[in-house]
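Next, two complexes with chain A in common: one pairs it with chain B, the other with chain C.
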Partner chain A sequence: MNVLKVPGRTIAVFILPALLLYVCIVFIPIIVSFYTGTLEWDGIGDSKFVGLDNFKRMFFDDPVFWPSVKRTLLYAVASMIEIPICLFMAILLNRYVRKANKFVSIYFTPVILSVVILGQLWKTIYNPESMGGMLNGVLVWFGLDSWTHNWLTEPKFAMYSIYIVSLWQYFGYHLLIQFTGVQNIPSEIYEAAQIDGAEGFKADRYITLPMIVPIFKISIVLAFIGSLQAFDLVMVMTAGGPAHATDVISTHMYNSSFLSMQYGYGSAIASFLVVLCLIFTVLINFGLNKLERKYS
Partner chain B sequence: MAKKMKTVGMVLAASALTLSLAACGSNNDSGNNASPSGSAPAASEGGAAGGENVSITFQNIYPDPTTPTAKALKQLVQEYQDAHPNVKIELDTLNTDNQKQKLKTQAASKQIPDITMVNPAAQMKPFVDAGLFAPLNDVLDKNGLKDTYQAGLLDNYSFDGNVYALPDGNNIEVVFYNKELFEQAGISKIPTTFDEMLEDVKALKAKGITPIAIGEKDSWTGSFLFMNILLRTNGGPGFLSDVVSGKKTFEDPAFITAVDKFQDLVQAGAFPDGATSIDATAGSNLFKTGKAAMFILGTWETGAIDSSSVGSKVGAFQFPTVDGKGDLNEYMLAPGTAFAISANSKHIDVAKDFLNFYTLNLPKVQFELKNAVGQPQKVEGDLKAAGYSDLSIDVMNMFQGVKGGDLAFDNTMVPAVAQVHLNSLQNLFVQKVESSQVAKEHQAAYEANK
Partner chain C sequence: MVNLKKGLAYLLIGALCVTQLYPLLWLLTYSLKTNEEILDGSFFALPKTPIWTNYSEAYKSGHYLQYLGNSVFVTTITMVCVIILSAMVAFAITRFRFKYGNVVMLIFLLGMMIPMQATLLPLMIIFKNVNILDTHLSLILPYIAFSTPISVFILSGFMRAIPKEIEESAVIDGASIYRIFRTIIIPISIPPVMTVCILTFITIWNEYILAATFISTEKLKTLPFGVYSFVSQYSVNYGNIGAFLVMGAAPVILIYFFLSDKITKGMVAGAVKG
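Our next item is the complex of A and B:
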């Protein structure tokens, strides 16, 4: 560990600012929100300690809670499934496309756009035909009138419509990460493999995949945790509506805390979200570490 | 190279973060200790003429500088500062949602701006209960301010006999309609019963015109419309207060009929496709750009409609009676957002003096700025002579005839119940629901949050 023979004190000095900041703006608020989760509090006036009532209500009496958890997890799974596709694209780009960097930059564009702009953009794409929605317009043009829907306002489709926007947006982000990972694999290895007769997808199977696992892991964790916390896009596009049909955990938390003014209950949901994120981070790391060991 | 870029990026990101933190910090500061606190002996505070420099923060919700209200604010603040050179009024201007958010956050730490803005009745109650606002009775008594307000209006801002906030507006809900589109659909007279309105909706729909504009992503818009129907089916105001006092429940026939009627409108295709993803502003633009024939909202929209491209073609009428019930002269009332003063303000006397000056002069300035419609105070002057539009004058005349009415759902019920209500109604836009089910949902939410 201490390769450079630096005294512990020096290390402490350098770590301390970040640690303090981390404790103050991440760790303490989390603890506090566990505590406020046990209160009945409107966020303004006096609060009353109610023990685990909020958690009980959350798990057993709230008709919105579990569906929103389900939607969130589905979101997370969908965004994880995206990563292997990104990796595949990255490999293809790296191997077959000259000036692949340009393509990666283009794919990256949606990431730098503000979510609010993206949301508005896709809202107009999804709009019903009578409001000039592009997607429905295209469907009608192809004579597929029966396929047209109010994508964002039919409870059956609304959530999936949002997933798609999010996947579209982050495609470039994960592609960039995977592409960088693929590029960083030294070409000598491939050359050596070529001499041994491993080329193309065979080389990918035995060289690229094992060597990309650490990068892959980063993407998976980022995608998973990011979508557990999904908030802004949902807020911009539907605000959780119609009638909770697109509520995810974080929008439900926001609505409970700030619109229903049940700050305590909102904190309970927040605590649940924290625990959920922790559990899944540990699980994913565990699973992928195993994968990593298997290959190395 | 790539690495270098990354480092540069990191540094940039870090400094952006630091800057934004610093910005937050200074904002809060101006809200909290609005003056060099050490040098403020309590005795000299009252004297605006005292010569000692004082600065107070005025949090407001007028971010659009082109609106008359924002112009009035700027003008009056300037006038006050000119008359009191030692007073500096710092404006903390936010849009409505952000302001609500910020105020709640500030309230959680008991640090609210010297002057801020809140919604009436149920929405301001938590702040009053928490002792954050100063009673304004003395402000009202000064210079006869109290008598300038319309009768009964201040009740919406009063708790235990004290007035805690002074409204910036008072509006009623009317039906704006586009005369030209009505003509196109062959409608010759404005509907006075709900059934006639339903027929008109169908006639408009048949011509491919969106009958009623709405932006139901902001779910209060649908609720505000629905409450009109309830006001009629209940035969008059007071349904929600009857529920609160235990005389009625949400499973009362008046409520169930209202839900049914509302669904009739939805089923007849009264609202634009995909209404629940349209936000309030976009919803009103459907009407203002001539795409929709009716728009049922508060009279605060009058000025904006007047100056829109369809302005000259728009008239207004009262929400029709439902099944012969209700009185046309009863309206959904929308007493405006109101100015309140922090009980912990370091310069409370200056804040009160300024607020007195501000509210006393507001009607005159608003009248000059052609914004006399929807003012909380009695406005004097000849509208016609001052060049007001026919629509404005019509609306003003409706104001004269107001016999009473109800406040919006979220101004009457606690927020938790209001949210259930808003979601429940939003649901009606996307699917047909048994009205008794809607009623049950409301009642259950009400009982859970009693």
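Our next item is the complex of A and C:
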């Protein structure tokens, strides 16, 4: 039982400032957004109540909407696939390198930089060879001229080019999380296993993997939810273009509301995004908890 | 066999260093080249003579110091407010005899699942109506709100573990609640406060979308938005753009260089507890 018995007023003094600000900035806008999702409104003039028309249009009549959902989910899947690789590298680093911390810090560098800077950097890397793009330059240098492309302006490649930047940026993040997890496994367990004849990758299979599950779960959740919310990198690199080829849910929402000035429709998409995030957060935690119980 | 494995591991580790760092180093060489050198596509070459004027020109034509100052201002205010507000909440829900502590916590946790961009449009309308759109306040308020949940979470995790006896003796000595908070709880909680500082700093310093949506006055732009406007304005002078990008990255890189251990630890703590 807690010691401090305090009057209600004191509790209010401690809790209310943060709580009020939080409710006003986070919850009220979401509720407003559900409401404006039922309006036909350009943000300035009169609004007209249209019921669920915006949602109907979103689900059935918008050729951009479902592809953008698909890209968002693909984004999530791609970033989850990266995590086992991070775990593998974390195990290697922990086993073979004495000052592994230094390497982890090096890999982590892109994580702390602004997406504006990274996005611009990768835009110049993806540039056509005539503009000094590094990637195409490397391809030409290897004699693979036919492989060169305008990576960000050809609809076929643009989205994948963005996935790569995102995977590149967050590689160090997930590696760091996994590495910390691997490091925290007590070395006595490995020593005991060694006596029983389990070493190297065998020890990894029976000790590291089961013990890393909770940390692995954290990475998966972060990667998944992070990609559902993917936004700023796409905005900086292509803003959803060319011809909607790189639109994800968030950019579609942004472009509908701020470029085409359809505030009502944009709010409908925003509401969908909120619901999607809530559902997936619950689902993925539920699924992973089940998995965790099975393996540990 | 062991050596072969070891060799392969080193090869992988080394290759990753190249992929993770080379783009950044390439930007550095790029920023010191002439337009001709950049366009002829010799991507591994160092600049023949480093063109330092790229930097002085970028510095002169961009408003670097102004952007930097704005970023420092917004980030500092946000960090201070986040720490005070979330420490107060964490203190209240972990140490008070208070029925609804868990409810408050739940509200904050629920909010963590809400993506920031979903509030973009309604916030803009609300801010326009209360006339704070296009001011630093329109950035600072959402920044504080969105940084609070994770901070409350980290701080309350720590505060829960502080032994009750400390407060008991303080109460017996006649210290008020505010005094206990200020002179006992906060000084003990410095390690998690550092974690909160680091997390908030990295997210807020790099935030771009809110800044680009709510701010339009040149004088008020923060660094990421400033870099973006510079790049879209001077799209032909590659060297200058490279220089401005390097200057944009420099503050964080410098801090990271000195505090990399603290920053990586803080980010892990934030990830694991979040």
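Just so we're on the same page, the second predicted complex is superposed on the first by the 272 of 296 C-alpha atoms of A that agree within 3 Å, B and C clash if a C-alpha of one lies under 4 Å from a C-alpha of the other, contacts with A are read in each partner's own complex, and residues count from 1 in each chain.
As a convention for this text, a residue touches a chain if its C-beta (ideal position, glycine included) is under 8 Å from a C-beta of that chain, and two chains touch if they have at least 3 such contacts.
What you see is a predicted model, and the numbers here were worked out from it, not measured in a lab.
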item	value
Three-chain arrangement built on chain A, chain B and chain C clash or fit	clash
Touching partner for A:14 - first (chain B), second (chain C), both, neither	second
Partner chain(s) touched by A:58 [first = chain B, second = chain C, both, neither]	neither
Chain B versus chain C as contact partner of A:42, first or second or both or neither	first
Chain B versus chain C as contact partner of A:258, first or second or both or neither	both
Chain B versus chain C as contact partner of A:86, first or second or both or neither	neither
Chain B or chain C, by number of chain A residues touched	C
Chain B versus chain C as contact partner of A:155, first or second or both or neither	first
Which of chain B and chain C A:248 touches, first, second, both or neither	neither
First (chain B), second (chain C), both or neither touched by A:131	both
Set intersection of chain A contacts, chain C complex versus chain B complex	43, 129-131, 133, 258, 263
Touching residues (chain side chain A, partner chain C) in the complex	1-6, 10-11, 13-15, 17-19, 21-30, 32-33, 36, 43, 89, 92-93, 95-97, 101, 103-117, 120-122, 124-125, 129-134, 136-138, 140-141, 168, 171-173, 176-177, 180, 215, 218-219, 222, 225, 228-229, 231-232, 235-236, 250, 253-254, 257-258, 263, 266-267, 270-271, 273-274, 277-278, 281
In the complex with chain A, residue positions of chain B that touch it	101, 104, 107-108, 126-127, 129-130, 132, 210, 216-219, 272-277, 414-416, 418-419, 423-424, 426-427, 429-431
Chain C - residues contacting chain A, complex	6, 9-10, 12-13, 16-17, 19-21, 23-24, 26-27, 30, 38-43, 85-86, 88-89, 91-98, 104, 107-108, 111, 113-123, 125-126, 141-142, 144-146, 148-149, 152, 164, 167-168, 171, 177, 180-181, 202, 205-206, 208-209, 212-213, 223-225, 227-228, 231, 238, 241-242, 245, 248-249, 252-253, 256, 260-261, 263-264, 267-268, 271-272, 274
Residues on chain A engaged by chain B in the complex (per definition of touch)	42-46, 123, 126-131, 133, 150, 152-155, 237-239, 241-245, 255, 258-263
